[in-house]
């Protein structure tokens, strides 16, 4: 950075604080403006996909799209300007998202027809997660992610069992039901079995033979009940997380009571001073009284 | 209120106790009669919307509607009569509901065609919440609302993640599925993705391509499993709420700390003996040592 | 019962033990035979309702139906015979069920056409609950019912809120959606709203306007999330029930530790004898050793 | 095994370790290769069922099918070769699965038309469970299965109640709804009732009369709420299982009781000091008193 003039250097640092951090008023305003801009651009992409609106207001959408593309390109340029290693940012998760959001429109200038790829701009909504992370939702999110991580093995086992059930029931019903009812192949039967077991139930494919219906009923009852498994596992983990936050597991040196509030100084049972590294203020008081 | 004659003043107070409170037999009878009246008027509005019934019994419905309107108008008038600040009531939540319930019928006298607005009378059922609040359901409701409040940040995060998943999957399937299958625009795809992820599954729009069906199966499995998240979070909060009953709210005489385990003998902050009716065993020990 | 001869009296007592209790081998055999008979009769009623089977095997069904009716009539007669107050039994829950199971067939002799009422025989399956109650499922069932009872107020509040949401959303969508889409009246809209909020999603009625679909998506997200409420409340109650079964809340007289297994004789922290009403066997042993 | 030459014997033992165990690198490689092979063969069976693919690539599928059959037959032969009691393995769960996976193809040589039975090869995916069991998922799986076992009585009661509700509501709606709406028989009504109560909601059969729709709404609300029961029961059991980790399984040296809190100092049954490495503070106190 030494090759920059001090003034420019100070500007870069100031811009960096505004667009990459979020603890100054200017940075917060930038975050909110960015979320607003992303939501607007997403809305335009959505409305543009409605044929009747596209026909009537196609010109407005076209102008807005270019407006957003130029704004996002400018934002990305400024981001890269105030970083020391711009290439590393471009290869990061949010860098790729930023790039994907502007590429389709620019690309359409060179290669006609890539216009439809503008849908990938919806991925930009993922950037909102980053803003949330910088804001007040840190603690809650971490607790949830911790609980998910610790229950991930069990939830993997659950999903694997569900997939096995889907496959086995799908093959069974594929053998029983006629192709006319929609069970034309095993992959289609698996789609139907997933629709049934997860209690979604589109009804585009439904069993018509009594035996097929009986097996479906069994699948529904299983799907209806086993949702208790991930729920139970995750509940237990959240409860453990919350409790771990609150209680110390260290036993009182006086009476051995081992469930104290994290903030406790004295044992609630025998009144013993709990912090063994610092002296009990009462003791000091007593000894000075005895002198 | 001094400009009223004492007798009238006594009447106003008595009416106030009957229609705004609920601890006297008369007030309870009024509450029950009001709930009954509201339910009847709601039933009439509902039946009136059935074309075949409207054609046959239109006159009865018309008469009943005017009956309820007059009764509700009288009730609102009495409510306003016995309040000192009637305008403030009219601007409150229940005041607006009371007004909305009678306005459409009166308005139809002046502006023909507002008749269909009588549907807003259904909002009057919200008043039942107020009656419940006055009755025995206070404690339980508060516990639930407390638990909801404390888990609101996490449930917001959950709903935001669900909305992101819906948007991203919707755009993906919009690109894959043909418009003939019903995926005509991104908003429609979002509607379909929400129907799928929440396991509602109308089936009015359903994927037809193998790739679209595979992605749907993934969405269903995600939607089926992540319901464990809000359930786990809320379960943990309810358990915490119930357990919070275990805490005494009495302040320590030594330092004023006011959140002690029900079973605590000593303040966890300053070690003071909490049970004021029996002597501190430590004190006895100390005094015997001093002897 | 004094007017009966001793032998007959003994017979009545023995029959009573067999058909009303379930702790002797004969009584258990009777219970199992009765469950088998009920399930068979239910199966016959079900198969009889299938038109193609009825046409082919109508005679067999007719014969079986009369067989079951005579067996159930005989059983009811014997039940009444060995009771001191037969009329009281006939007015009880299970008495009414027993009567309803045989009435339609007998009634069809007098009033032709009551045949179709034989469906009420399915209610006889409820008797299986009684048999289960007598068997090993007592404890588990009681725990569940206790937890349900204690959470009933909160679950009532939840269901009431759900009904309010259904009514309000139904009226809203009734105003928005055209009658052609199936929203012909408020009761029909309520049916649709219930189908949507409970995530059932038949799809026989589905919103077609963008605004209607947007409101539906909101309803789905609400319905998908608030299922966490009854689940959380009930989980908390079951956990409380299980814990209350297991731990004594009485504090140890020695050290005050207050979480002991119900079966504990000695404090796990300080080894003090916990049962204050009987002497500590160790103490006796020690004192005899000192002698 | 004594009739084998030592070298062959050593080979058998080595093969046994590779294909039946999973703690050596070779055994792990074999496990992963086997899972890969199973998934490939399953994929081929699935794709083969798609008519358009079968028509175009029928020959490739035929070749691949024979390839997998020969590989699986070889694997089974080797498994049997290195076991001392091969017949016992063939009668075990995984032996039957291994046999079922190869039988259809061989059988088709003798009895034409059994080709379609190749679907049973999908059962081979169950073998993946065995591989998982050998890997790191042991602990998590056991915890889930323990919790399921302990809640099995209550979940049985829940499913039985759900089945009763389905039967009773099905009969009721069968009497109310016309056959034209799809309620042609009680078994069909039961299918519909299961679809409704488990919130699957295909919509292939839906009530059309107001009364039938009102009863459906009641069923939906019940089905929507009672899912809280198995979830609550299972959550409580998982929490108990996690907490059970808190219990030491070491037996008390005094009385042999083997379920102590991890933090217990004294046996809750006989008061014996549990920590054999440090002396009992009581003993010290007693001995000093005796001096």
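Read from first to last, the chains carry the letters A, B, C and D; within each, the first residue is number 1.
The working rule: contacts are C-beta pairs under 8 Å (C-beta built on N, C-alpha and C of every residue); 3 or more make two chains touch, one makes a residue touch a chain.
Being a predicted model, the structure only gives us computed values, none of them experimental.
**Q** Going by more than half of the contact pairs matching by residue number, which of B-D, C-D or A-C reproduces the interface of A-D?
**A** Over half of the A-D contact pairs recur in C-D.
**Q** Which is it for copies chain A and chain B: same residues on both faces, with over half shared, or different residues?
**A** different
**Q** Need the most distant chain from chain B, centre defined as the mean of C-alpha atoms.
**A** D
**Q** What whole-number Å value describes the gap between the mean CA coordinates of chain B and chain C?
**A** Those two chain centres are 30 Å apart.
**Q** Could you state the distance in Å from the CA-based centre of chain A to that of chain C?
**A** Using C-alpha averages as centres, the distance is 40 Å.
**Q** Quick one: which residues in chain D touch 2 or more of the other chains?
**A** 158, 187, 190, 199-203, 223, 227, 231, 233, 235-236, 239, 263, 265
**Q** How about chain B: which of its residues touch chain C in the complex?
**A** My answer: residues 42, 45-47, 49-51, 116, 119-120, 122-123, 125-126, 128-129, 132, 136-137, 140-141, 143-144, 147-148, 155, 158-159, 162-163, 187-188, 190-191, 194-195, 197-204, 223, 227, 230-231, 233-239, 242, 263, 265.
**Q** Where on chain B is chain D touching in the complex?
**A** Residues in contact with chain D: 199-203, 231, 235.
**Q** With touch defined as at the start, can you tell me which chain B residues reach chain A in the complex?
**A** Contact set of chain B toward chain A: 153-154, 156-158, 160, 164, 167-168, 171, 174-175, 184-187, 190, 196, 199-203, 206, 210, 213-214, 216-217, 220-221, 223-225, 227-229, 231-233, 235-236, 239-240, 259-261, 263-271, 273, 280, 282.
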